[in-house]
Amino acid sequence: MARFRSWGLALLGAGMVAVLYLIFLGSPDDAVLGPSQRIFYVHMGAAAVAGVAYTITAAASLLYLGTRRLSFDQWAAASAEIGTAFTTMLLVSGVLWGRAAWGIWWTWDPRLTATVILWVLFMGYLMVRQWTDGRERRARVASVLALAAYVAVPIDYMTIRWWKSIHPVVMTSHGFNMAPSMVVAMFAAMAGMLLLFAAWMQIRLALMRVEWGMEDARNRMRGMGRR
Amino acid sequence: MDRVLVEARGLSRNLAGRPVLSSVSFSLRAGRSLVVMGANGAGKSTLLQVLGGILGYQGGVLMRFGTPACAEGIPDGRIGYLGHKSLMYPNLTLAENLQLYGRLWRIVNVAQRIDTVVRRVDLAWWQHEPLKRYSQGMRQRAAWARLLLIDAQLWLLDEPWAGLDPDGRQITAGLLRDHLARGGGAVVTTHRWEDAQRLGHMAAVLESGRLAHWRELAGTLAAEEQG
Amino acid sequence: MQKIWTLFVKDMRLEARQKDMGFLMLAFAMMETLVFGFALDSGGRMQTDEVAGILWMGFLFAGMLGIVRLFGRETAEDVMVGMAMAPGGRLPVVMAKMAVAWVFCAATASIATSVDVAVFQVPGTRVSVIVVLVMLLGALGLASVGTLLSGLSLNLSGHEVLLPVLTMPFLVPVAIAGMEATGAAWRGGRPWPWIHALMAYDLIFMVLPLLLYEFLWEV
Amino acid sequence: MDRVLVEARGLSRNLAGRPVLSSVSFSLRAGRSLVVMGANGAGKSTLLQVLGGILGYQGGVLMRFGTPACAEGIPDGRIGYLGHKSLMYPNLTLAENLQLYGRLWRIVNVAQRIDTVVRRVDLAWWQHEPLKRYSQGMRQRAAWARLLLIDAQLWLLDEPWAGLDPDGRQITAGLLRDHLARGGGAVVTTHRWEDAQRLGHMAAVLESGRLAHWRELAGTLAAEEQG
Amino acid sequence: MQKIWTLFVKDMRLEARQKDMGFLMLAFAMMETLVFGFALDSGGRMQTDEVAGILWMGFLFAGMLGIVRLFGRETAEDVMVGMAMAPGGRLPVVMAKMAVAWVFCAATASIATSVDVAVFQVPGTRVSVIVVLVMLLGALGLASVGTLLSGLSLNLSGHEVLLPVLTMPFLVPVAIAGMEATGAAWRGGRPWPWIHALMAYDLIFMVLPLLLYEFLWEV
């Protein structure tokens, strides 16, 4: 297991180097935006990972409600935590890029608004996990909440397609609106970020199991009291 | 009368990560009462709530009225629960509260039944007063009125004499005896051994969530002590 | 059905006794008009979009407050346990709350809209069938989202109302869609995309509690 | 020891327009206890609240510790009140609640005193648990811990044994006896004649707000009954 | 003094435990910015007065909600009786609540102001000493009015929180004065008349509880 993990980390490292190469050297500057366009790869990667992470959270929540196995709840919690980190990254990269591309820090665009709401929702989800006690109860409340919050994910994705927005649309049903080498770099960045997510997820789950074990030990000790 | 009203086999339940009930087993036939005693925090109230379907359970089997009850805890209209709280709206009068419960349980001839039950618990003069103006013992009598109104088969009584004056204790003990004589069943918790002996067919002692001692009582339900 | 109706009547009676929720919501919506009227009047005429924005902000907050209060009634004396134990299970309890919330949100919405339209006298703001539809859909959205989350937070043995805090981000899309639809209807624009979005959102949050209701109150 | 701790002369009080106490007169010397009995709704809790300055009074005179107390009801730090509710924050742990009360009453050496009192009521293992997770009887023990902590001269105990198991009743009866032996005073309400006889120097019966019967008890404060 | 401090620390600790009040007030203020930003952005640039109006509306509601919640904590288990019985009487209980409310209102005000100024980018809105002063005075007004009325509604033996509904009309003058003063300060106008009004109002509602406090909680 340990060997497997170190191989995984080595692979991740190599992958990240390759992605960095593609982002900074292997793809052209944008015709309009110039070099700032390279933020796009981080932006898109973060967006992809956030979407995947929240989908995992929702799926694990559903599975928890169906099976009542607490390991699914651990998956949901870990994935939501990491997804929120990546959403933060998405927001920061978006804000920076917006400054470069549109010349303003923030504007009230459906896409941007929807992403902020998404971020607040999952922050709230994590808060509620902290507030609730009793593993089963927490898992149940959190699962319902995650499913409700997940509604915002497809809405966020579709905002730029349903409403008029200044946020660009690249992926359309007719293909990609960008240079082929950009597409390669984009997919590589997405793959790299997903690898990062997988590694992070594994570490977080292991950590969570340790946390729960400590909690159990504490409760057993308390159970030794007369009452 | 030999119908089994409720049967638990290896019932267990955690609260906030600590085992509160561990493999509790017993069965109760119609016309009989089980008195549960035990130290503070032993799990008596939790047991009653699990039996009533207010809380779910995590291990074992719970059969009510001959059919298995689901582990998520589904209440049943044939069960009457009297807990530490009165379960009634403080801002409504006793009559209004009882009317509400009467409608919910689809009692026919509600007005007349309400009149009967408030007379039984000696609150006829107070029935049009909001419950928030009741004294502690009056509130407990009101809870008894609610219990009588819904005409349940199985009574779950959690310290039903708490706060009652001697008169109130005598009235309600009589009500319990009538209920058992009519073929109802009851699980009762109390901290007073004399009450247990007076009203129980069986007594059990709960110790840290386990049914530790068990005794058939003389069970003649002797005449009420005086005052 | 009968259980829903009984519980609905119960909440209405409690309201008649205390009048807190209705008063709170209306006071909220009115005060908002007052503050805004005062704030923006001096700076010139208001635009249709602004009136719509003010209106929906008011609903959002009034609705949230009202729903929190609606569930707050159930915390004393564990009354929710009593309701849930009645024959018919827990679903009707959720449904009744949703119905009550909807009635109150819709009432607040209609009163506030009429008042605001009258007070701000913005050209083109008239109450049409579409606006009424938007109000009803918006009220439904507030009610269903609020009920789902407040119901979730109200567990039977603990007595806390924590989640209402979280209700707000869920309600913001309702407010935005409602506002845009109202604005578009007044301007003579195209309200339908927003109305459809509102409908979809309402539907999701109507169906979700129905699917999940057993998990809602299990402890 | 012949100091009069509290003296009422013709005390009366209305609640919601109805007379709840009418011309109640008595006096209590240091080192002695008065047990108040009476039917539900007789006004026992109200009497204790008026004596404690939680409620004001409308007629008569109330002297506490030799000085007249004003009719608007001013609490006094030398009085310890134990009512139907625990007076502590459910979201804080017992230790935190006691710390708060210790600071308010300016107890020196709080940490150590807290340790002592939670041990007395046998809650040492639970002191770092929020009170909302306590069972009914544990909450009553917690209320006793608070009472002990603030080290008052006059105790006003409203059904202080409600919800306690036999063990808890024995412990707290001992605490009351010690308090009286040290020269404190106590007004206690209860619905159990046996408790009254065991712990009271005097007993009075309240009937619809009037002190109707009055009896000096044998008052030897006999040894505790077993279980 | 010591009693005030002890109670103040107690409320802060409760907040640290639950984080409900802070989260609620901040979420409120943020969501308001969000909705308004979305509502009014499409229609062009916003004016200074509008931003001031939005800001103060947000404080008004957030402050009211926060204060209701602050007193809501005291309803369970009759804890207020315990606090009032402690040596030192009832006045410190009121004072401590007022202090807590003020800290929260001021914190919300400062955060929301900074965010709104950054987000709406209205020309001329800069944070000056005067604006900070207005914020603090406004927060004080919200806190003192809210404490007076909520304290009044919280009687010791009944456990109800009814009056908060009434708080709103009393808070509206604070909001209006604060809004006008902020707007004037940003525009470079004359904020002083409004600031003086604010001060006078604050003073009245600070002194009133001190005069009336014994009646506040007598039952």
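So that you can tell them apart, the chains are marked A, B, C, D and E in the order they are listed, and the count of residues begins at 1 in each.
Operating definition for what follows: a residue touches a chain if its C-beta (ideal position, glycine included) is under 8 Å from a C-beta of that chain, and two chains touch if they have at least 3 such contacts.
As the structure is a computational prediction, the values presented were derived from the model and not from experiment.
The minimum number of touch steps separating subunit A from subunit B is 1.
In summary, the chains found to touch both subunit B and subunit E are A, C, D. Each chain gets a centre from the mean of its Cα atoms; the one farthest from the centre of subunit E is B. A centroid comparison over C-alpha atoms places D as the chain most distant from subunit C. For this pair, subunit B with subunit C, the centres built from the Cα atoms lie 38 Å apart.
Centre-to-centre separation of subunit A and subunit C, using mean CA positions: 31 Å.
Computed from the mean C-alpha positions, the centre of subunit A lies at a distance of 57 Å from the centre of subunit D. Centroid to centroid, with C-alpha atoms defining each point, subunit B and subunit D lie 29 Å apart. Each of the following residues of subunit E touches two or more other chains: 18, 23, 27, 34, 38, 42, 76, 159.
Among the residues of subunit B, those touching two or more other chains are numbered 15-16, 39-41, 90. Residue positions 113, 117, 120, 127, 131, 222, 227 of subunit A each touch two or more of the other chains.
By the touch criterion stated above, subunit D contacts subunit B in their complex at residues 15-16, 38-41, 45, 84, 126, 133-138, 140-141, 159, 162-169, 191, 193, 227. Taken together, the subunit A residues at the contact with subunit C in this complex read 65, 113-114, 117, 120-121, 124, 127-128, 131-132, 137, 140-141, 143-145, 147-149, 151-152, 155, 162-163. For subunit C in complex with subunit B, the touching residues are 2-3, 6-7, 10, 13-14, 17-18, 73, 76-79, 81-90, 156-157, 214-215, 218-219.
Contacts from subunit C toward subunit E in the complex involve residues 18, 20, 23-24, 27-28, 31-32, 34-36, 38-40, 42-43, 47, 49-50, 52-53, 56-57, 60-61, 65, 76, 159, 162, 165, 168-169, 172, 175-176, 179. By the touch criterion stated above, subunit C contacts subunit A in their complex at residues 148-149, 152-153, 155, 162-163, 165-166, 169-170, 172-173, 176, 193, 197, 201, 204-205, 208, 212, 215-216, 218-219.
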